[in-house]
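In the two assemblies presented below, subunit A is common to both, partnered first by subunit B and then by subunit C.
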Partner chain A sequence: MFLRVALLVLRKDFAIEVRSREILYTTLFFALSCVLIFAFAFVKEGKPLEDAAAGILWIAIAFAGTLALGRTFERERYGETLRALLLAPAPRPAIYVGKLLGIVLLLVVAEALLVPLIALLFQAALFTYPLLLIGLLLTGTVGFCAVGTLFAAMLVRARTRDVMLPILLYPITVPVIIAGVRGTSALLQPAPDEAVATMWIALLVCFDVVFVTLALWTFEPLMTE
Partner chain B sequence: MIDFDQVRLVDVSRHYGRRRALSRVSLSARSGEIVGLLGPNGAGKSTLIGILATLIAPASGGVHYGDHAPRGVTAALRKRIGLLAHELHLYPELSARQNLAFFAQLYGLDPHETVDRALDAAGLSDRGDDEVSGFSRGLRQRLALERALLHRPRLVLLDEPFTGLDDRSVRSIVLLATHDLDLADGLVTRVALIRDGRMVSDEPAASGLRARYRALVGGA
Partner chain C sequence: MKKLFVPLTVLTALMFMYAPVMIANAPYEATMGLVQKIFYFHVPAWMAMFTAVFVCGIASALSLFRGTPAADRVAAAAGELTVLFGSIGLVTGPLWARKAWGVWWQWDARLTMALLLELIFIAYLLVRKYGGPGSDKLAAAMAIFGMANVPFVYVSVNIWRTIHPLTTVVPTLGDKMGPRALAAFWFSALSFMLLFVLLLTMRVQLDERRAELDRLYLEEEE
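The block that comes next holds the complex of A and B.
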């Protein structure tokens, strides 16, 4: 029942996105613009600033993710469809998981474009350890989206939601961003440090477990007005 | 499956910060009754509807659905509640069929059995695959009513709806919140008047509703 509802919500979001392409295009455009602007600032005469690539990758993910979170729940605000979801005889945390999966998938698509672009513009050896990089990106994205999905759902009826979402989200997800940057940076060194990257992945897994558990636990009471 | 033939609110209060939305409101309704919940804007009608729908928790007092209290059986109770609000709870990017299929599956229904029947009842059989964003307000409302009744709810909550209520919901408990006296007049079997979060009257519907409303609530 739980998984069925989560997948149902995911499928519904996917069907809407296939028709509108609104969130996909805006998120990708924003993420790519962000990287290009940083490239203009930090790449001088073909030489990028040392260690900039990891930070820029994660800043682009965080900014694009915030935009996607806001837009996804803006869609549920229109027509008050979030209320209809909450009224359904389904476990409310399953609705949270469905929304979370949708945003994670969207960011994975964005990351699939960001990584080669950053590797190209910043001459970063992002593909030397592909599995470790995928591990960092996946665990970091899940951690960021786990908190973001909860806050975006909570703020859906707040008038100041666009201002409040980043104010609430960034301080709490700072550990995720730091772990992502440090782990990615470890892979981009002249002598890549797999052990350090693995350690940051383990830390991100811990963040994910804590954040997802807390979100599942609090979603029902937080969504009851 | 949980079922009930009566819903009772007992001394229900609700505040938003320092603002009182409901103050010790008691009300009951039985199967077959259409209760008009009348009151001016800001009287607390939507809060009352939200509490009955289990979307808003009362600060004090309780709601009883037959012998059941919402705590512990909320999901099962929700399966017996249908809500149609002013906002229509439809995804405009999806087609009418996709909207109905999504909500049918969310309620554990077989979409193949329910969607065509609902489209037919809404008079939208030939527009089932059209995007809802292209529908007029009237068509959206008809679709939204079918969405709300898709799972044959025992308790039908209508918050500022429209004149689409017919004998399809005759065996349900219907609470209709509105400030539109023309809509309520002749439709409801009982009238509860609410003002400033307080129940000021609860009586069988009779002629002279407008005069009673004016005397008890003012305006109109």
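The block that comes next holds the complex of A and C.
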């Protein structure tokens, strides 16, 4: 039941997205613009600064993620469908999981484009340890979206939602950004340090477990009016 | 608590007056000398801050799941105190670091996480103030998530390489610097805790009176 509802919510979002592709295209383009802007800041005399690639990758993910989170729930608000979704005889946490899966999938698509692009533009050896990089990206994205989905859902009713989402989301998810950036840059060193990257993945897994549990636990009372 | 309020205020004031004497009498630390004395102020401030974080988090959880207005008031007060004691820690830390490390700020795991915690609770206050209707629930979630971040902050110093003194400084203080240093430390810590309790009570009472005033005002209008 739980999983079926979550998959249904995911399928609904997916169907809407496939028709319009609005969030996908805008998020991708926004991520690209971020990379471009940071390139101007971190490239000196034709050479990117050391570690810049890891930082740019994660900042682009965080910014694009915030945009996607805001848009997904804006669509629900605009269509006045969130209430209907919440009124459905389904466990509320399942709705949260469905939404979370949708946003994680969207960001994974964005990352699939960002990683090769950054590897190409900044001569970063991002593909030497593909499994570790995928581990970092996946755990990091889940952690970021776990907090983000909950806050974005709560902010739907608030007037100041556009400014409140980043204000609330960034301080809480900075551990994710730190772990992601440090882990990725450990892989980009001239002598890559797998142990450090694995340690950061372990921390990200802890973060994911703690915050997904908390979000599942608080989603029900938070979304009750 | 109301009966105890005045005696506790007097006691806390006296303790804060006597604390400098104890700190002055405590022996000097071998390598750092006078600079180390800020420790009697810095660590208790962080201890009070962490207490405030937990009070805020637990009270928020209570207000979220039970819907008690009293818990919400306690959470709001504790949120403000978190920022207050956190600022004390963030000001005293660099003062010490300037002398001990030669720089005001170091991007070390522990320092970054402490700054982060402060930011989370500033965001908490911002939501409370500007979040509009229904923001108390939002703020409650923020406080719970902030509290969940504390283990990441506390453990950070012991797992990751860091130049911040380890948290084991406190239990081994007596062995290293003698009982007088230990007494001065716990005296300061107790003073800060009392100050925290007093400020919390005061802030909660203020909010209670504000709510009561609103209620009376509405009654009068009807």
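Please note the rule applied: the second predicted complex is superposed on the first by the 224 of 225 C-alpha atoms of A that agree within 3 Å, B and C clash if a C-alpha of one lies under 4 Å from a C-alpha of the other, contacts with A are read in each partner's own complex, and residues count from 1 in each chain.
One rule holds in what follows: contacts are C-beta pairs under 8 Å (C-beta built on N, C-alpha and C of every residue); 3 or more make two chains touch, one makes a residue touch a chain.
Please read these numbers as outputs of a predicted model, since none were measured by experiment.
Undergrad: Return fit or clash for subunit B versus subunit C, each positioned on subunit A through the superposition.
TA: Aligned through their shared chain, the two binders fit side by side on subunit A.
Undergrad: In the overlay of the two complexes, what angle sits at the CA centre of subunit A between those of subunit B and subunit C, given in steps of 10 degrees?
TA: Value: 90 degrees, nearest 10.
Undergrad: In the superposed arrangement, does A:84 touch subunit B (first), subunit C (second), both or neither?
TA: So A:84 only meets subunit B here.
Undergrad: Would you sort A:189 into first (subunit B), second (subunit C), both or neither based on which partner it touches?
TA: neither
Undergrad: Would you check which partner chain A:198 touches, where first means subunit B only, second means subunit C only, and both and neither mean what they say?
TA: neither
Undergrad: Looking at the overlay, does A:20 come into contact with subunit B only (first), subunit C only (second), both, or neither?
TA: first
Undergrad: Just checking: does A:12 make contact with subunit B only, subunit C only, both, or neither of them? Give me first, second, both or neither.
TA: first
Undergrad: Considering only touches as defined above, state whether A:158 meets subunit B (first), subunit C (second), both or neither.
TA: second
Undergrad: Which value in Å is the smallest Cα separation between subunit B and subunit C when the structures are fitted on chain A?
TA: 7
Undergrad: List the residues of subunit A that touch subunit B in one complex and subunit C in the other.
TA: 225
Undergrad: For subunit C, which residues count as touching subunit A in their complex?
TA: These residues of subunit C touch subunit A: 64-65, 112-113, 116, 119-120, 123, 126-127, 130-135, 137-138, 141-142, 144-146, 148-149, 151-152.
Undergrad: Any idea which subunit B residues touch subunit A in the complex?
TA: 50, 53-57, 75-79, 81, 83, 85, 87-94, 98, 102-103, 105-108, 131, 147
Undergrad: Show me the residue ranges of subunit A that touch subunit C in the complex, using the header's touch definition.
TA: Counting only subunit A, the residues touching subunit C are 147, 150-151, 154-155, 157-160, 164, 167-168, 171-172, 174-175, 178, 203, 206-207, 210-211, 214, 218, 221-222, 225.
Undergrad: Which of the residues in subunit A come into contact with subunit B in the complex?
TA: Touch residues, subunit A against subunit B: 5, 8, 12, 15-16, 19-20, 75, 78-81, 83-91, 224-225.
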